[in-house]
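In the two complexes that follow, subunit A is the common piece, with subunit B as its partner first and subunit C second.
Right, the complex of A and B next:
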């Protein structure tokens, strides 16, 4: 094992509890295509699961503050890079259930991305505001990009970090209202950075379309979204869906919606509105609003079933006991599920025959058949939140 | 034995008044703690060290007044992502949360 150039506790082996995981056979050959990991929020641990038998395989513990934790995969879908709120970045071998490397790379972090070629892992930080770049093979530090803005050299919190084709990372500066494109294709230690200023107030999250062409940031401080066409950077960012609230008094938002993990289906985009209990439906051809679908509460995630026929939506507190399923053919809510209190995340298996739901307050992950809406099974998990299946290893922006 | 009955009545009255003076009961306290860690934690971090929202550790709150903090919890901060939680909390419960933050989680 190689050791990281920086960081504390590099090459730490996590405690793996094999008790209660009878399916584990360490020397058995297997692929990773049906594997996934689940964030256990309060204990700060990671469950490794498989979706063929729908079972838990291993648990990796002591990974830090897991509020808003997220995961990216290596290009061989064997290693999970886990980004903790407390700045911890861990590289975990999901076949063996061990922490290969771990660095405390910042004081407060919100997510990460992996480069197109799989060699670089980027982390977006609130404190210190900016992006840190590491070698994926050993978490050695490659570069730091402080998110400096204004005349006094203040640092902005960074959100909406995604990978883009051409070994680039794109991210937004929440405090500065800027979008930056960092190109690592020449010398990874000193990336070329393109800055777009005054894109709008408080971009809070962003997405990149599956083809890697459009970067879209949601604005919290204004009614609208910002679009950057990566095929035409000279055109710069442009505003879309401007004033989608149309002057209405926004409803209180008890949890910020996510755009990453957003939905594209049937040629349309489905985005959670902010401060409205609606799903926005946008046609990328001309970026016109097609319609808005009224919902049960403030949407958090809108996730398309892989075949594009359904969009599953979960909600902010106090409506987080509910899932609504939108039928893409009719653009209406077709089904409603009440899995239990605190449904934080949804993830489909690669071909969409299973939908996995985290039910935080019930300490349970439910597996549904999205065609019959029958619950197939449930797995025990301690305050589960994000579920990340390995198919993400091979998707731009995920 | 009237003395005993009287003593029992006085004791239960004392217990009752004690219960009334305590604004947050055990069950509600655990609900509030859960709300603080999970819902507030989404923005402020599970350990209250901050995120999109500022840190709410005892040190971070040292210079802030109870009344101001309670008002922020109940009514939010206009122009920011902090909403008011008055739909879900009484004044006493907001004050109890401020005390809990000052103690630290």
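Right, the complex of A and C next:
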């Protein structure tokens, strides 16, 4: 076999630029398609793992306050952008296990997103209320979007930030009750912003459907959801599923479920009911409630196995030692697992042959075969919470 | 920032094993999430490209007969498995641009698949009729499945091979009119095989829906399709969409469309009509035909933009200089492009900001922005046909 000359010279040059010597010995040439990272909450560190051998590779430490930390990936699946609660934004090379850049971009941050083309990283902030936009290649500041509302120029806390097709970011203003759509396709330094006012009281979280069409925000101050169809912005936001929220003889809510905790499978949506021991099944065609599935406790995340045959659900305290597995064909709970105390997060490998679970209080991440429900292995991790695998780099809204 | 000790020793060890020295200088440490390969048909070579800078990286030559060659990826997105028409199966390291292994596994081969867990590579063959199974790590032979049928032990040509959840492969027997489901989850050397007989005359190609639930085969000898619901194997195969095929005043068929050329978007399926200048729109709920969209010529591939808002369609000779873009919101042709003569294949980046087109007769691959329909760049390629990007590693059936 001959090997062509194209790019080989460039490869050598890039190697020197990237690594220098003698650091190269510590850097393993490998694909990044089977890599992932696990948030270690108490120490504020990031564990880099791979799912082929199901092993730990490296740990990156001293990354700050990792309560509610979340992760997005660069389009080449090499760099993890980690959003800390303390406003810290880190760009981490998961091949080498080093922090390439780190900025304290705000005082109180709740999440981020990466643009469709991978060039922009956005962070939503409580303090100061707004969205900051950075270049993904070096975390250089590109733009600031203050979430001003009302006549006195007050700043609203920003939640539910997601990326959308057409190099857009969509987010909600908790204090203002607004949804903004920011389009960066022209000049990223001055995005075109479309503001929807009076969408409902206190949007507290949001999701975008896997196709990037529907943006749905949960309302903390009212008993329902608000829907924006990005294919028909002229129609504006509309209320759906009144009764989804905390209404109808509300139970004490131990933890508001994340809307990212919704699952889409077999043409249906599966939603953790707020404060209720139920999983709501909704048909997006007309946003009709199909049924409610009784559960073991208050659901937090509902995650679909990639083939859509199962929904895995975890629970709020005091039931957070349990996972229930719903069979999408029968819409009933088919299995129950007791991995241990503090099951905070679940992540499937992209074709569904493995399910990874964070068991915080036992300092363990368990890997299950979701077809046999056999535990394949366990990995040591210090108070693990979020698990994020690199396949997310290739999905809208993730 | 400190870097933990976990796996660093292992990394060094693996580095030596993988590369040896001094070869390392020619190997660029990089993520594999933005890589892809392009089949160069006449020379039988593979062009390795990346979509962040939209450049060519390397070429791997002398790979045999590449008419109808197809590609699958290892789960780490580092290795491309290339299936040549001549029965050649090559395992190519796209980080280094070298052929790791190559076997001539049969005399006449039509396609392959990789198992859900990435450990097995399957190839479907005309001669000898059957399926060969190899270890993905070294292409060592694991099992042979002769496609025997009838009383005299004749061998059928095998088509429509796909992977399915549960470490299964599904394929069709053209001469026998059968569909087989082979389960490798127990002992890969002796899979459990479920045979469905009399499914219809001459299944010539097949697809599996993106969730891995429905296997659909096209019938060359009859005017319709056959559907197998992998969630309900007891129900067995059933006929759907009689009239899809070449019936009702058939036109001359210049090229049978690939069923892999079906697109799923917005809850609907979009099918190239066989021999007709139409795109069929089908609702999988009941497999009802919703409408037919008039087209410029005989469609070959219908490919959905990842957000499902557009379907891009290419055409058979003599109309293969054209792309038509269907707006899924209106179900009408919204745009037409004339990239040049011999547009053979289309591939989107996984979040939909780029569309790559092979323009065979002009030895060019064009990259478009599907939102503005602007041509972003062109890359030289020698008689390019199939374009396969590494995001496919993370999708069922791709």
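Observations on the model:
Just so we're on the same page, the second predicted complex is superposed on the first by the 366 of 398 C-alpha atoms of A that agree within 3 Å, B and C clash if a C-alpha of one lies under 4 Å from a C-alpha of the other, contacts with A are read in each partner's own complex, and residues count from 1 in each chain.
Simple rule for what comes next: a residue touches a chain if its C-beta (ideal position, glycine included) is under 8 Å from a C-beta of that chain, and two chains touch if they have at least 3 such contacts.
For clarity, every value in this text was computed on a predicted model and none was experimentally measured.
Of the two partner chains, subunit B is the only one that A:220 touches; subunit C does not reach it.
With both structures placed on the common chain, the touch criterion links A:289 to neither subunit B nor subunit C. In the overlay built on the shared chain, the residue A:174 is in contact with subunit B alone; subunit C does not reach it. By the touch criterion defined above, A:61 reaches subunit C but does not reach subunit B. In the superposition on chain A, the chain among subunit B and subunit C reaching more residues of subunit A is C. Applying the stated contact rule after C-alpha superposition, one finds that A:41 touches subunit B and leaves subunit C untouched. When both complexes are overlaid on chain A, the residue A:187 reaches neither subunit B nor subunit C.
When the two complexes are overlaid on their common chain A, residue A:318 makes contact with subunit B while staying clear of subunit C. On the subunit A side of its complex with subunit B, the touching residues are 41-42, 65-68, 85-86, 107-108, 110, 126-127, 157, 174, 202, 204, 220-221, 252-256, 317-318, 342, 360-361, 383.
Every residue of subunit C that touches subunit A in the complex is listed here, in rising order: 1-4, 6-8, 10-12, 14-15, 18-19, 24-35, 45, 47-48, 50-52, 55-63, 73-79, 95-99, 102, 116-118, 165-167, 185, 211-213, 231-232, 265-267, 285, 306-309, 329, 349-353, 371, 390-391, 393-396. Interface residues of subunit B, counted against subunit A in their complex, comprise 34, 37-39, 41-43, 45-47, 49-52, 76, 79, 81, 83-85, 87-88.
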